[in-house]
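Shared between the two complexes below is chain A, which pairs with chain B and chain C, respectively.
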Partner chain A sequence: MGKIVLKNICKNFGEVKVLENLDLTIEDGTFTVLVGSSGCGKTTLLRIIAGIGPATSGEIYLNDEEISDVAPGRRNIAMVFQNYAIYPNMTVKGNIEFGLKNNHVPKAERERLISEIAESVGLTELLKRKPSALSGGQRQRVALARAMVKKPEVFLMDEPLSNLDAKLRIQMRSELIELHKRLKTTFVYVTHDQVEAMSMADKIVLMEKGVIQQQGSPEEIYRNPSNVFTAQFIGTPAMNILKLPNGCHMGFRPEKALMSETAPYENCAYRTQGQVLTREMLGSETLYKVMVAHVDGSSQPVMVKMTEETIAEDRSVRIAVPEKDLYFFDREEARIRKEEKPGQYEECLRCLREVRT
Partner chain B sequence: MTAKQKRKIARIVTGTLNTLFKVFVGFLFLFPFYWMAITSVKPYLETLQFPPTLWPKNFTWSGYQTVFRELNIWMYIKNTIIVTGSVMVIQIFVDVPAAYAFARWKFKGSGILWLLVMAAFMVPGQLTFIAIYFMFADWGILNSLLPQILPSGASAFAIFLLRQNFKQIPEELIESARLDNASEWKIMWRLMIPMSKATVVTTLLFSFIGHWNAYFWPLVMTRDEKLKPITLAIERLKDMERGLDYTVIMAGNIILVLPVVVLFLLFSKKIIQAMAYRGMK
Partner chain C sequence: MTLKSKKEEAGGKKKKGLRSFLSNKLPPYIMVAPAIIFFLLFTVYPIVDMIILSFYEWNVIQPRKWVGLWNYKYLFDIQIDFKIALQNTIVYTVSEVFFLILFALIFSVWLQKDSKVNAVLQRIMFFPHLCAMLAVSVMFSWLMDENGLFNMVLSFFHLPGLRWLNSSSTAMMSVVIVSVWKSIGYQTLILLSALKTIPADIYEAAALDNTGPVRKFFCITIPLLSPQLFFMLITITMSSFKVFDSVRMLTKGGPGKSTVVLVYYIWSYAQSNLKYGVAAAAGVVLLVILLILTFFYFRILDKKVHYQ
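== the complex of A and B ==
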């Protein structure tokens, strides 16, 4: 069991308010990823849950029990730090054992737990080494083993993969997903990398300036963003956002746009013409930057992602997006959903049509 | 001559000058020790000879024998060991927690307290000894070794050095230990001290040298012969009735500095580590 409930959390650093009246529920057994740009308060939130950076006000519950004033070591929560925070003066074994000793686990039990955990993360051969004689990936495993051995109810991870090289990061990513499946414990994972968030999370909590912008499954966040920030944060390249003459915004994902030199795209809600500025070949797909004539009369660059790479630079192209792949946002950048605000939605669609005729 | 040859010559010249300079500085520091050592094994008459001999013509251990015969040297050594040892133990228990608190805790008045520590660092003992002497007289402890031990129980220099070192240790390590349910006491002894080993050894070594060689403080704080440390005993060698016998004086000095030199040779690497800046990975 490891359900976390945060109520009315505020955190100030001097005059600066980092978090204000934040409420969040993290369900038991989920892999929740807190994602956002740097300085958005995600690490602060994690530290509040861990108890090492207490909140200015508010309450934290673990399994319906308030733990706001409980010491970090007694919360039954383990944390993996960005730079691993392995004790350099202790061996790998000493590192894993330290927490157990402090919790007065008997020696025989300690030995059993250590060998079990070391086996599961592949550290058995390295137990007698000092951290200075380990590679980045191995240190990461020590940090994980140290957290796992305590059998906590919640794992907190603060950008644990950011110090690894790209290849190792992808490997560790899938290992963490497997680990979560095996342990079925609550994971709370902080990252600024939306790809990491999308690939690992059951639930994403997207934060900006101390406020939760949206929370939901990766699919939901990707397909059904609540505002311009979410729409642009998730997905690479970011969603194209263009202003409409009525002050609202329209958006479409680069991978949903249709583009060709000849096709008329008559059934699409949004159609325009443009010129290819640059072309980036990424392997399985190609990324085009296209300067388009926009509905308000201006020219604006948009990104288009395609699996073919037939169009050369400087060519004139037609670009179109079907209605189902268009997103509208109001003047405050909040989403206009067809089922919630049909009037506003129709008005935005009409803007597109008027220009075309 | 080609440019390559010129560079080679320049390298050799600077290298030689560099070595010569090091030898010169080394000579400046080592020669007094050498002089002390050879004088302690020269016969009395040879010490007065002019020009002096750089290597003794005749070796004699009479200087050492005289020191051991005329002075109750073991008593003085015992006093010095008790004073130096006690000071070092007390300092560990006072300075390490103090430095840890100053480095890692924000508490009311920490700024002012830190200023006081720094002020104590700057005030010489010669300014405070009269007041302290009267205080100890009031307490009635002048007739013990305590007046030599207590005033050195806390060392502002050690607190300063340890604090700077503790500040370099990444915060996450301490937080991690807190999550591992470690008490502050345990964090200090199991993490901070082992990670600051070089600095701890250095401060202890400085403390050892300072108290082993202490002269002024015991001079003003002791009257009873039974409480005097070895430095005061060695100093008395020059006032003996036989007049200035350099063989005996130097033999006494060798006995005095030998432990310090040995310890320094053993731990000099640690001192350099503690003084040089280290980034922690």
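== the complex of A and C ==
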């Protein structure tokens, strides 16, 4: 069990309000990823859950029990830090054992736990080494082992992969996913990397300026963004957002746009013409930057991602997006969904049609 | 090739060798020469001369007279004042090391938090280090006078006054108090700067590991400060073994011989008794003690020091 409920959390650093009246429920056993740009308050939130950076006001519940005033060491929560925070003066074994000793676990039990955990993260050979004699990946494992050995109800991870090289990061990513499946405990993971968030999470909590912008499964966040921020934060390259004459915004994902030199695309809701500015060959797909004639008469660059790579730079092209792949946002950048606000939705569609005719 | 041309070539090679020596190999030696000359002249030569002198009897006026190991016999066998000086020096050094490290640790942990009060306190604490020992000694001889401020404070609390520098039982303690007061700010500053380099997340990890404050201090703070503590141990030991000016100013080795320390002993034998041979022998003993101590520290304790 490891369900976390945050109610009305506020956090101020002096005059600066980082979090204001934040509510969040993290379900037991989920892999929840807090994602957002630097300074959005995600690490602050994690530290509040851990108890090492207490909230200015608000309540935290772990399994329906309030833990707002419980010391970090008594919350049954373990944390993996961005810089690992391994005790440099202790051996690998000493690091893993330290918390157990503090909790007066008998020696025989300690030995059993350490060998079990060391085995599971592949540290058995390194138990006598000092951290200075370990590589980045090995240190990461020590930090993990130290967290795991306490058998906590919740694992908190603060960008644990950001100090690893790209290859190792991908490997550790899948190891963490496996670990979560094996332990079936609640994981709360902080990252600024949307790819990491998409690939690991059961649930993504997207934050900006201390406010939760949207929360949901990776698919939901990708397919059904609630606002311009979410739409542009998730997905690479970011969603193209174009302003409509009525002040609303229209968006489409680069991978959903159709582009060719000849096809008329008559059944598509959005159609325009443009000129290819640059072409980036990424292997399986190609990224085009295209300057398009915009609905208000100006021209604006958009990104188009395609699996074909036949179109050369400087060529004139037609670009189109079917209605199902178009997203509309109001003047406050909130999503206009067809089922919620059919009137506004139709108006936006009409704007597009008028321009075409 | 003719013989002549071979000779010429050999000559050319020699010339080339000489030129390369002059242009490549010599300049570095010229660069370090002033330092080396100073070192040889003012460090190596006096040490060697002191060792040689310790086997002679000499009073500056008459020529040196070979006496073999008699000077050493004089130190350890004939007179007891050298043993007293050695004993006093050890007491002084142990007290200095103990109290300085203890108080520096306490003050640095206390002043660790960034606040305006602490910033002011740090500067105030460092101030005595800037004062000359001479001035400090004069000030403390007033404060420690039998009618001085210290006794006034004691009598205010209805406590009996002390004779501080004038009693053989309190004189050494008084000298230690003065020098601890003078250097505590400097030592605190060293530890304080080291404390600030310990990453905050290590303490946070310790908090999550349910670490109590005492265990946190002894299992994390002290080991992470060990390089600085080791440095302090060595420098305080060295400077304490060589203490002179405070003793000279405050007590002149008295009352009786209660505050005679090694360097004061050497100085008084050379300057007052004109027994340069005995003084040199004592100097050699001091040198050997310092060498042994340094060796011991590095050999035994270096393994316990954790370098990040």
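The rule we apply is simple: the second predicted complex is superposed on the first by the 357 of 357 C-alpha atoms of A that agree within 3 Å, B and C clash if a C-alpha of one lies under 4 Å from a C-alpha of the other, contacts with A are read in each partner's own complex, and residues count from 1 in each chain.
The definition used in the following text is that a contact is a pair of C-beta atoms (placed from the backbone, for glycine too) under 8 Å apart; a residue touches a chain by one contact, two chains touch by 3 or more.
On a predicted model such as this, the values are computed, not experimentally measured, just so you know.
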**Asked** Do chain B and chain C fit side by side on chain A after the overlay, or clash?
**Response** clash
**Request:** Check the residue A:331 against both partner chains and state whether it touches chain B (first), chain C (second), both, or neither.
**Result:** neither
**Message:** Between chain B and chain C, whom does A:102 touch in the aligned arrangement: first, second, both, or neither?
**Reply:** both
**Request:** Check whether A:72 is in contact with chain B, with chain C, with both or with neither, and answer first, second, both or neither.
**Result:** both
**Request:** Scan A:83 for contacts with chain B and chain C and give back first, second, both or neither.
**Result:** both
**Prompt:** Where on chain A do chain B and chain C both make contact?
**Reply:** 50-52, 71-74, 77-79, 81-83, 85, 87-89, 98-99, 102-103, 132, 146, 150
**Request:** Write out the stretch or stretches of chain A touching chain C in their complex.
**Result:** 50-52, 71-74, 77-79, 81-83, 85-90, 98-99, 102-103, 132, 146, 150
**Prompt:** How about chain A: which of its residues touch chain B in the complex?
**Reply:** 50-52, 71-74, 77-79, 81-83, 85, 87-89, 98-99, 102-103, 132, 146, 150
**Complete:** In the complex, the residues of chain B that touch chain A are 170, 172-173, 175-183, 186, 190-191, 194-195, 197, 280-281
**Request:** Flag every residue of chain C that touches chain A in the complex, lowest number first.
**Result:** 199, 201-202, 204-212, 215, 219-220, 223-224, 226, 306, 308
